[in-house]
C-alpha cells in the first residue's frame, strides 16, 4: 500500500515549517504493508500544484496525506473542504499574490476530504492530542494544493482517500512571536502523523 | 542552596494540573549545590496560604518558584505582580467563592516578583520555549499564594528571590476542550522548569 | 426591482437575534425602484429551508440578501461560500442535531455567493464599518439556508444575485456574556444593510 | 461638584483616539450640580504625568475619571489597579521607550481605583453596554497617568474618588484593521460615560 505524504517549505516570516520537518522524519511507519512516498512542496503558486500532479502521476498512490502550517491554530485541523479559490493575503515565495481567482475555472466549486476524518479525530483525541475538524483550509497555497490533488484524483483515480491536515505553529515559532501564539510540540505532531497514517491504512484494508 | 517549588492540585473542571505534575517530577536539578523542596498546594482559599506560610517557616528556603495553571495562555507566563485582592470567578475546591476582598487588609497593595524575570525570559526564548512576562496573575488561588508568599517573606526574610509562573494547559486538556485552547507539552514545561531553576540558582550565587 | 431580505429568529442561549431585528426595520430603502420583501426564518432545520424555497417561489426576487448571527465575529462577514454540509454543534430550536450530512446528496459540493462582495466590502470599509470576507458560514442553519437558496436559484433562475451576511453579536448580548465578546451597534448594522442593499441595486442595474 | 475627565491624543498607528473624542464631547452632564473639567493628555511619558499633576493642582477636583484606548478589548474595562511600573511595548509620541522602570522609585507598588466600580459595572450592564472589571491597565501611558493621578491625590487629597477606564477601538479603527478587531460605537461610549459620571456623582453625595 503506497501513501503519498507531503509538506511545505517555510513561507512568510518563518524560517521553518513543521510540515516540512514532519515529512522529512516520516520515513517509515509501524505497518510493514505501508510504503510512504514523501515530498516537500514549494510555496509557489505555479510549481506547487504542478509538483503535486507530477507526484500523483509518477507514484499512483493509494492515498494522500498532505500537511501544511496554519499559524494561530491551537489544534491539529483535519480539513473538510478544498475550495476552488485562490485569494492570497501574503505573496507566495516567488512574490506572486493572486486575488479572488478560481483554481480551475471549469472545476467543481469544492471537494470534500475523502480521509476517514471522524475516526482520525477520535483516535487523536483518545490519546490526548488536540485535534478538530475544520471548515476552512484558507485560500492560499495549502488550499491550492488540497484542491489540486482532489481534482487530479477525481479525474484519474476517483475514490482515492486523500485530504489535508493543518498543523499549529511550533513552540520555537511561538517563542519568537511578540504576541500570544498557540503552538504544538513537534513530537506530538509526529505522534499524530503516525496515528493518522494508521487510521488511513486501517480504512484502506 | 534550598529552593522551594510548589504547584497546585487540579481545580474547576480539570482532573489534572500540570503544575502538580511538574512539581512531582522535579526531584532533582543538574546543580548539585541546589536542594529542592517540593509541595503541592490545595485549591482551598484557607489551606493554601496556610500551607505556603508553613513551608516557608519550616524550610527557610533561599528562593521560591511557585507554579500554577492558567487555562487559555499560550506561553509560560512569568508573573510580575501579586495583587492584594481576592476575587474568584469560580469557587475553590471547598466550594468557597470570595468576591472583591483584600488578602491582607493591612498589607501593601501589591508585591513585585523578585525572580530574575528578564534573564529567565531570555533563557527560555533562546531555546525556543514560548514565554512572556505577564502583568496579571489573576485574583484567584494563584495570586493568593503568590501574594501570601511575598508578604510572608517580606516580614521574615526580605530579599528572598521568589515569584510565580503560570503554565498553559496540557495537550490532553486541550484535546478535551470543545473549543480552540492553546496548550504546551509537558516535556517542554519540564525543560522550562530546569531552565528557570538554573537561572534562579545562577542569580543567587 | 424586488429584493428578498431574510433574518433568523433567536437560537441557542440568546433571546434576541440582530438579523431578526434588522429585517423587521428594513421596510424601505432610499431607492424608489427597489421593493423589499422581508422574512424571518425559524431556526428549524426542516422548516427554514422550506420557507426559503417558498419565499423564492412566491416572490421571484431579483436578488436575495440573507442575514444571520455569528457570535464571536467582530466584523460584518460577507460569506463567500455555502457548503453542502449539515454538521450542528448545538441543536436547532426543535431540538434536532444533524451531524455530518449533506444538505442535498445530489447537489454540488458548494455554491459561491453571487453578490458583488468586493464592492460591498469596499463600500462598508469606506464609511468605517468593520467588514470582512469570510470563507466559512459554518455548517449550521445559516449555511443550510445559504446553500438552499443558492441551490433553489441555480435550478429555477440561475444568475440571481444572492448571498449570506453574518452579523456580530449585539452590545446587549456581549453585556450579558461573562467573557470577552465582540459586538456591533445595531445602528451600524442598519447602516451596513442600507449600503449592502444599495451596492446590490447598483450591480443589478 | 467638580469632576476632572481626561482622555488621550492618538498614538501608535492610529490617527484617532476615542478617549480624546469622548472628552471633547463631554461638555456637560445631566446633573446641574456637576461641573466637568476636561483635558486631552499627550502620549508623552514626561508631559502626560506633568499635565495630570498640574490639572489636579489647578482644579482641585472632587473626583477624576481618566479614559484611554485599549485596542483589542471588546468591552469597556473598568481598571482596578495602577502599577508602579513603566514598560512600553511601543514608543510614546516623542519616540521614547521605557523598559521595566518604576514610575516613582519611592512610591507604593500599586494603587487601587477608588471609583465605585461595582455599581458602575452593574449600571452599564443593566442598559446593555458591554463592560468588565480589569486587573491590568498595562504598563504604558494609560497606567502611567493612572498611577500618577492616584499618587498625586494620595499625597494631596487622599480619599478623592478616581480611576481609569479603558475604551475598545472605534468601528472605523476596526474597519481599517486587516485582522479581526473588536470595536464599540462612539454613541455607546458616550452613553457609558454619562452613566459612569452619574454613578460617580451619586457616590459622592
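The letters A, B, C and D name the chains in turn, as written, and every chain counts its residues from 1.
Note that a residue touches a chain if its C-beta (ideal position, glycine included) is under 8 Å from a C-beta of that chain, and two chains touch if they have at least 3 such contacts.
Remember, it's a predicted structure, so these values are computed and weren't measured experimentally.
Contact tally for B-D versus C-D: the pair with more C-beta pairs in contact is C-D. With centres defined as mean CA coordinates, chain C is found 47 Å away from chain B.
Chain C and chain D have centres, each the mean of its CA atoms, that are 38 Å apart. Centroid to centroid, with C-alpha atoms defining each point, chain B and chain D lie 31 Å apart.
Contact with two or more other chains is made by no residue of chain A.
Chain contacts in this assembly form a single closed ring in which each chain touches exactly two others.
Shown are all chain pairs that touch, namely A-B, A-C, B-D, C-D. Those residues of chain B lying in contact with chain A across their complex are 73-75, 124-125, 128-132, 170-172, 174-177, 180-185, 187-188. Every residue of chain D that touches chain B in the complex is listed here, in rising order: 80-81, 83, 85, 87, 100, 108-112, 118, 133, 135-136, 138-139.
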